[in-house]
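Just below sit the structures, each encoded as structure tokens.
In the two complexes below, chain A is the common chain; its partner is chain B in one and chain C in the other.
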Partner chain A sequence: MIDLILFYIGVALVFIGGVMDILATIGFFKFKEFYTRLHAATIGSIGGGLYPLIGVVFIVLGLDIDYNLKLVFTGTSIIAAGIIALATPAGSHILARGVYRSREESPSVIIDRLGEDLERGEME
Partner chain B sequence: MKKLEVVIPIVIGLGLFILLYNSGLLSVERSLTTLAEKYLEYIPDASSIYTSMAFEVVTAVIWDQRGFDTYFETSVLFFAIIATLAIASKLEDIIGERRSLTIIVRLVTRILAPIIVVVSISIALHGHITPGGGFQGGAVFVIAPLLLMLAYTSDWIRSRGFTDRKLLLLRGLGVTLIALAGLIPVVYSYTTNINAYLFQNQAKPDSFFNYPAYLQTPISTILVSGTIMLLNILEFIAVLTGFTLAFYYLTREFEKRGGGE
Partner chain C sequence: MNRGYSVSIVVFTIILAVVYLVYTGSYGLVEITIALLVGVGVSLVLAPDLILNPSKMSPRRFITAIYYLVKYFTIIEAKAHWSVLKLILMPSAKYNPAIVRIPYSVTSDYSILLISNSITNTPGTVVIDVDEKRKYLYVHWIDATSVEDQEARKSVSEEFENYAYKIFE
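== the complex of A and B ==
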């Protein structure tokens, strides 16, 4: 019983990942601006990369296979998911920061507090 | 002019198709060539006379069957690094302010860099058992110093004691030791009057010289496949130092142009 529940949770996560990947692709082509496009790309890598890996962990735990094989699959999946979870926010952060500071493109927002601070010289 | 632009690709494509079709490369039921079959059969088989005592056939072919060729490939990379040095080695101090990146990037880099290093070492040391090898491991390793140099400015690598001269020394040492490992059979052959070949690994039908295939340690027996593991490690060192050096100079050039922030 618990195996079946784990298996269905995993399949659901993989399915959510696929849907997120499609949404990210559509968003990437539909959005007009750099920052919103970056948001769509990050959906693709967290939603489409992290969730399916966690889903694989649940699926493998629910399967009736050798114990060592289970360890190998869950271990690699969790490590890969951790690396994605660490690297994606840092990568998108530094991309957005680089583009903002180099004034390649200014975000289309009503109030830009960071820009005000930078002008006053309060932020480096 | 327009007609020619259409005719030339069509003629080239048609010629290529006829060539591939006649040589049988397009056939679906194409079997392995005789040479490939022999390699796949003999290299992992310990009882065969042409064995390399390695399960990874590609690495065995690269380091055993055509080790001499691979040595020159490594040397070409070595000379490419020397050429980079000649162009970009003017290490005057960079004027102007350089700051390391934000705390977010620095922290994530600190966590990820050791993982990358461990993966690269595993790829290099398992080169004779699983797909991989020295070059592949070295190429993976380089991402770690590159990330650290981008996050902490290029001075990071020098402040840790890895100056460009030391890296070049390691690089030269790696290439030299590869050549030495290949030359040992020849020296042995001249001193004892027993047949042995350049870059020989295991015994061949007319030559009984062989490197040990297994290494006895107090804990367990390790399969080293003669020279293959040794050459993988040396190639790993040579490639990682060479690429790190190249990226070091590139990062410095990038910082000189007012990058860095």
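== the complex of A and C ==
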């Protein structure tokens, strides 16, 4: 019984992850600008990358397989999820900073506090 | 070698060994020995730089950190995902992207990392730049409800900052 519940929780998480990946792709085409596309990329990496890995953990725990195999698959998935959670924000942060600082693309925003502070010289 | 130094080495070794054992997935005697030996070697070199104040380590902070992780990856992430998915799914969605300035008051590097990673990991907000002298984060916010510093802090980072105080400060 508990195996079946774990298995279906895992399948639901993997399914949600796939749907999020598709929606993030649609978001990439809908948003027209670099900075707003970054938010769609975050959906792809957390909703479409981390949640399916947690789903794999639940699926493997619910399967009727050897105990050692369960340990290997759950452990690898958990560590990979942790690395994704730690590393992807660093990636999108450095992308945003690099594009902003190089003036490659000026953001179309209602207010730009960073630009104001850079112009006034309060932030180097 | 004082007490805090050895405590930080022991804790860091245990963390490293647990990560290694979870990753390999085998818990034999040989694996545990390798994990502990490598863990001691690495933490002898790195622990003094990574754990600056050993007296701050306590089980209560670990439990708060785990509680925060579970809450963050279920409730907070789900809300943020839904708010950006609505913008993607509605054909005529209006949104106001803005780069807002968010003040923070934490001091340690770990707290700044926790706050800015939490902000960037939620869809809808991305940290663009950090000013460590004046203690500001510059955040690109896809649907800004307010452009004033304190108002923006309330809706973007106040909850993360409260937990950063409990976990790292």
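What we mean here is this: the second predicted complex is superposed on the first by the 124 of 124 C-alpha atoms of A that agree within 3 Å, B and C clash if a C-alpha of one lies under 4 Å from a C-alpha of the other, contacts with A are read in each partner's own complex, and residues count from 1 in each chain.
Throughout what follows, a residue touches a chain if its C-beta (ideal position, glycine included) is under 8 Å from a C-beta of that chain, and two chains touch if they have at least 3 such contacts.
The structure displayed is predicted, hence computed values, not measured ones.
Three-chain overlay on chain A, with chain B and chain C fitting side by side and no clash. Taking chain A as the reference chain, the count of touched residues is higher for C when chain B and chain C are set side by side. Looking at the shared chain after the overlay, A:T36 reaches chain C, while chain B stays out of its contact range. Judged by the touch definition given at the top, the superposed model places A:G27 against chain C, while chain B stays out of reach.
Once the two complexes are laid over each other on the shared chain, residue contacts for A:I83 go to chain B alone; chain C is not touched.
Residue contacts after overlaying the shared chain place A:R97 against chain B and chain C alike. This overlay, made by fitting chain A, leaves chain B and chain C with a least C-alpha separation of 6 Å. Comparing the two complexes, residues 79, 86, 89-90, 93, 97 of chain A contact chain B in one case and chain C in the other.
Residues 20, 23-24, 26-27, 30-31, 33, 35-36, 38-40, 42-43, 46-47, 50, 54, 68, 71-76, 78-79, 85-86, 88-90, 92-93, 96-97, 100, 107-115, 117, 122-123 of chain A are the ones that touch chain C when the two sit in their complex.
Residues of chain A that touch chain B in their complex: 79, 83, 86-87, 89-90, 93-94, 97, 101, 124. Contact residues of chain C toward chain A in the complex are 19, 21-27, 73, 77, 81, 84-85, 87-89, 96-101, 116-117, 120-129, 131, 134, 136, 138, 140, 142, 144, 147. Within the complex formed with chain A, the chain B residues making contact are 99, 101-102, 104-105, 108-109, 111-112, 115, 261.
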